[in-house]
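One structure is given below, encoded as structure tokens.
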Amino acid sequence: MSFDLKGTLKPLTALKQFGKKPHTLVDVPSIPLEASDHYRGFHYNDLDECIGCGNCSTICQNQAIDMVPVDGIEGKKGDSGLRPRVDHGRCCWCGLCVEVCPTGSLSLTKDYLYVSDDPDTFLWTPGVDNPEGKERISFFSTEETSLNDFGRIPMPELEGMDRVKSFAEVVLGYNEVQARAEASRCISCGLCTEACPEHMHIPEYINAIARGNDADAVRIIYDNNPLPEMCGKVCTRRCEDVCAIAHRGDPIAIRWLKRYTTETVKNADMIKEVVNPDIQEPNGYKVGIIGAGPSGLTVAYYLALKGFDCTIYEAHAKAGGMTMYGIPKYRFPEESLDKQIEYIQKIGVKIHFNTKVGKDISFKEIYSKYDAVFIGVGFPKPWTLGIEGEDLKGSIQAVNFLYEINNGKTVDIGDKVIVIGGGNVAIDAARVSARLGADVTILYRRRVQDMPADWEEIEGAEDEGIHIIPQAIPVKFYPDKKGHVKAVEYLKADMVADEKGGRPKPVPVEGSNTIIEATAVLGAIGQQGDYSFLEEEFSEKVKIERGRFVVNEKQQSTLDKLFAGGDAANRSADVISAIADGYMAVKGIEDLLVKGN
Amino acid sequence: MREKATTLYIGPQHPGITGNMMVRVKVEGDTIVKATTEVGYLHRSFEKLIEKRNWLQSFTLLCRFCVPEPDPVEESYARAVELLEGREVPERAKYIRVLVLELARIASYLLWYGGQSASLGLYTIGQWSVGDRNYILDLFEELTGGRVYHMYIWPGGVRRDLPKGFENKVLKTMDYLEKRLDDYDDLMFDNTIFRKRTQGVGIIDKEKAVEWGVVGPPLRGCGIRSDIRIDDPYEVYNKLDFVVPVEEGGDIWARALVRRQEIRQSIRIIRQVLDNIPAGKYYNKIPNPQKWALPKGDAYTRTEAVRGEVGMYVVSDGGTHPRRAHFRGAAYVHAITLLENLLVGENISDIAAIMNSLGTCPPEIER
Amino acid sequence: MMINDKNSQKIVDIIQNYARKHSLWILAYGTGCGAIEIPPTMTSRYDAERLGVRGAATPRQADVLLITGYLTTKTLKRVIRVYEQMQDPKYVIGFGSCTINGGMYWDSYNTIKALDRYLPVDVFINGCMPRPEAVLAGFAKLQELIQAGKADGARKYKENLEWYRANQKKVIPNWRMPEYNW
Amino acid sequence: MEEIKSTIIQRIKTHFSDATEKEYPYNRVDFSVKKETIPAILFYLKDEMGFKHLSHISCIDWLEENEFEVVFIVWSPTDKIKVFVHTRVDRENPVMDNVDMIWRQANTYEREMREMFGIQFTGLEAPEEFLLEDWEGPPPMRRDFDTEAYATNTYWERPGREDAKDIRETIEKRSGEILPDFAKKYTR
């Protein structure tokens, strides 16, 4: 074996490193090294931003995240009141919880040092136990990086200027692919269920849609809502306001998904087949219901399922109440209402049409004939403006206008219509007028963003070429020679902040009078109740405050066997609240009659 | 005179810097006559656990298959999922992935420098190379947020874009490393101890190599030019200019030489990537992970890691959870059947060196 | 060393603990994935030897058993045996989430979840995986505890041997191990 | 590429009448065969068609169909093509032919499948235990084995997880919503 001189000496070149500055970080561990700018260290949670949706807890494959109550944080609508607590004996610092956090409140910090001899101290709540973490956030999600799907699947609609040509339904509805995709965006937190007056099982039916099981979705929906197609089309959807995804993106289209599901069942027979309700044997109790609006129908449906004998008295020729006569057909076609009413009738509910209580039948008779009575008569009477010229020809109440149109009649409104008000009725009236060929202007006394109408409706109106004049207070209607309305004078208003902290008030500006021409004026500033059917002996006993029945949490009025719901009892003035009232009244009536309390 | 055979247990505490496994060797004198491996010290049952993990959650788990070099596993999984779903990956993401993979390759080779030389009693190189490896890990930390487990390559692209000024930092580190590699050479490849202990030791038969399932540097050390980056190209490797080094001999020395050249090729690839990386999106967003279902089917993707072919066989039953994500590690073949074969006739003092040169990685065997 | 006089014993303890804390030899038994951060800790950048921490080849020479991450039941068996072979004073460091509450292997059928049920752990280091700085901080903490005389896991183990043994035998069905005579 | 693929399909189909093929757009061809054909088809692929490299062997438990699927993935270094050979094995009586004489490393895969799925390979010579030690439960990779339940029963876990479920219950409690039973399977 020969001696390898080069190979023996070469390693000695390591000596040339002698005297060079070492790589060693001599300060560690007494001064820990600062982690890099994107380091995934311990969690930090912004407690105010966090809504406790629990998505972090769901994504955590290590089950390291628990949702726990935290001192000083109260739950409210859109906030569960719980905050994530992280078990650092489970955490793997993958940061998926950060990527799926819908609000972006959860983040990771640069801190990574924690050493202890007690293994139980590794369980702590980010944000509560490390408030200093706020300054050290290094790994966070933005709208761009977040794994939540923030973009809503656009709803197919008729084009703005096409749709004013007819009363065809504007919204075309999702097809199956679109519905599955939209349902897949949902993170199933369930925050929405609390905001819904009826507490519908939203995450469950959306999950059923996402998994491709529409029949189950329908069944879940019918569990506490007998008029889902109505809700699917015209609901005020408070659920979407609190949607977790809405914090950084478009809320899940809960309403459209419900609409999609209900459209998969084509007729009343199919509904019955799919829902397959468990109808109980008749129990002998009889319940009378006044008004076939949403609340009345709900009461009738669920009581009928429980074996009660239900009879509805309806003044008009068709059921549905305001949803039938107040909502234009391009939003809510008659067929879809008919389908649902037919289904409810199939369950065994009797409806007497064209029977106005107080005229065709007395309230007293109903009250004595039935074991319990539910009043869901709604607000049929419009408020008036109380200004000069309001009773001129051509000045029409918007509700009446919509009633006539929905009844298939014609109303002469000319070609220049002014609508007064900013609620859904105002927008509906405006859009109907546009469909009748008129040039429409809406006068509203507050700003556009203050309008109580749905933003989708407002946008829809704008798309259809309807002008909105905000901060305009009408003061006078001018007649032409024939006594027909000719023009409207209004004052511009300034928005003045309310001292008590309420919403800003419009204050008219003197001398800002403007006059615009009109061939018709539609007033839509609200409706009120009409309880003239109550005989004196009842109206004395039943307490009515500010135009509404005073009811307890079971919708029971001051008379034991009299229940009330819908607009006649609550202030929400929407379909879903009416249904919720009906659902509660069912419990109340059942408790009263069957359980006896 | 025939000596009596004795049985020795090498392990389970790290026979080389390799991970926990045991080799039971029967020796006559100090020559091995029979070797049996025993594994299972690191079996965490990943493939069982993913039954309860969805497609996204699985990704954080699967990268832990191989600790020294997790990125090829992430890459394989991400690509398998993309293949199943038909998801496109932006061009920029592909370049970033190559950058990450090559950085991981370098980091892993630096660890190998330490392990291979330490297994032969040369400790200085390890002090240097493992220390220098920290500079690569610093880059990873800045890019991905983690030193060891990056969880960076995921289905659809990569998790975050390159931070500002990152390219320059990479180039600086590469310049530094290139100089250091020459220092390592002085101590390792020019060292007579290293030569004498590696040349002619642990020879793999070239004729049988492919059949035996040899892949990666050991196969190239047998004189067979085989590299998945070229044979079955993925990401943007077919757009990059690099050489797959080949050495004849099939012994530890040849394998070491292959690795020595490969680390330089990786630096070359990284420079090209940084020159050519396009602007644009780095990620095609996946849907809501809770409800992300993949179409029914299966996919097998292969990636060239430092140990050779690593692959991921992913099966979907159409649901939100993987039906199966079966990992194929190079060590699965190298460290069991091949090692048992190779050790026969060798000296016991070479066991650690042979294991290191094969890229033994028990966590990827046992999963 | 035992001295009858209380005050002298105190001084002896202080000197003894001081000596002990500056010579922590860790057993080179990287049990889980955490082993990957040990080479950086020991090499030039972090250079744990500054703290008196260095590797030891056999259990008899080692002071510290570093459990670097998850332990499968198969490894646990070996680890227990190794621990019992170690000479006093001896310490156990639990390294990473998996030793605290199972980490990401919380539902795995083959790994133990809480290390302190099976071995007396003196210090837990958080992280998955902990950075070398955290490892060094863990050693610093251990040194602190040793100086304060609180790192008495080995004593706890002896006193509660039955409890530990029962836990160990629950997860290791086939014990087949020599019982060390304590 | 397409040419090579069709040649492969043709050759395999003429030799093995029970092989059904499935084509993929990239360099992959799949065959499904009866389990008895496996050694023969693998021999043929390796010795006659140049598929020298055994890339992978995998097994999938199709519990619903009461079958195991065993997949062999082979690679031809010359043609640069992957061939997948699928076969199905009855789950109740999982017996298959051993193929480790074709590729020695198949031995390791078969040991693992024997341990993890309980598939028996006739003539397999290997130590009984592979990854597990003193395992008494069912083969763990079978889908009917519940690892979470096993882990909870066997290992002690640190207490502290009070609400592993969801915030849904909290909200339900607050709002008074009553979730019907049939809907519960859709709660996350």
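In order of appearance the chains are A, B, C and D, and numbering begins at 1 in each one.
Here is the rule we go by: a residue touches a chain if its C-beta (ideal position, glycine included) is under 8 Å from a C-beta of that chain, and two chains touch if they have at least 3 such contacts.
Keep in mind it's a predicted model, so treat the numbers as computed, not measured.
S.K.: What are the chains that chain A and chain D both touch?
M.R.: B, C
S.K.: I want to compare two interfaces, B-C and C-D. Which one has more contacting C-beta pairs?
M.R.: B-C
S.K.: Quick one: chain B and chain C, Cα centre-to-centre, how many Å?
M.R.: That pair's centroid distance is 30 Å.
S.K.: Any idea how many Å lie between the Cα centroids of chain C and chain D?
M.R.: Their C-alpha centroids are separated by 39 Å.
S.K.: Please work out the Cα centroid separation of chain A and chain B, and write it as a whole number of Å.
M.R.: 53
S.K.: What whole-number Å value describes the gap between the mean CA coordinates of chain B and chain D?
M.R.: 24
S.K.: Would you pick out the residues of chain B that each touch at least 2 other chains?
M.R.: In chain B, 40, 43, 45, 48-49, 52, 60-61, 131, 134, 149, 290 touch at least two other chains.
S.K.: Give the residues of chain C touching no fewer than two other chains, as numbers and ranges.
M.R.: Residues 44-45, 74, 100-102, 104, 106-111, 114, 128, 131 of chain C touch two or more partner chains.
S.K.: Quick one: which residues in chain D touch 2 or more of the other chains?
M.R.: In chain D, residues 132-133, 140, 145, 147-148, 158, 160, 188 touch at least two other chains, as defined above.
S.K.: Drawing the touching chains as a network, do you get a line, a ring, a star, a complete graph or other?
M.R.: Contact map by chain: complete.
S.K.: Could you please specify the touching residues of chain B with respect to chain D in the complex?
M.R.: Answer in residue numbers: 36, 39-40, 43, 45, 47-49, 51-52, 210-213, 215, 226, 231-232, 290, 298, 300, 302, 309, 311, 313, 315, 323-324, 326, 328, 332-333, 336-338, 341, 366.
S.K.: Show me the residue ranges of chain C that touch chain D in the complex, using the header's touch definition.
M.R.: Within the complex, chain C touches chain D at residues 73-74, 77, 100-102, 106-114, 117, 167, 170-174.
S.K.: Quick one: in the complex, what on chain D touches chain A?
M.R.: 158, 160-164, 166-168, 170-172, 174-177, 179-180, 182-184, 186-188
S.K.: Touching chain B in the complex: which residues of chain D?
M.R.: Of all residues in chain D, those touching chain B are 27-28, 46, 52-56, 58-61, 71, 73, 75, 77, 80, 82, 84, 103-105, 107-109, 127, 129-133, 140-141, 143, 145, 147-148, 188.
S.K.: What does chain B use to touch chain A in their complex?
M.R.: So the residues of chain B touching chain A come out as 52-53, 56-58, 60-61, 122, 124, 131-132, 134, 138, 141-146, 149, 151, 159-160, 163, 183, 186-187, 190-193, 195, 283, 285-292.
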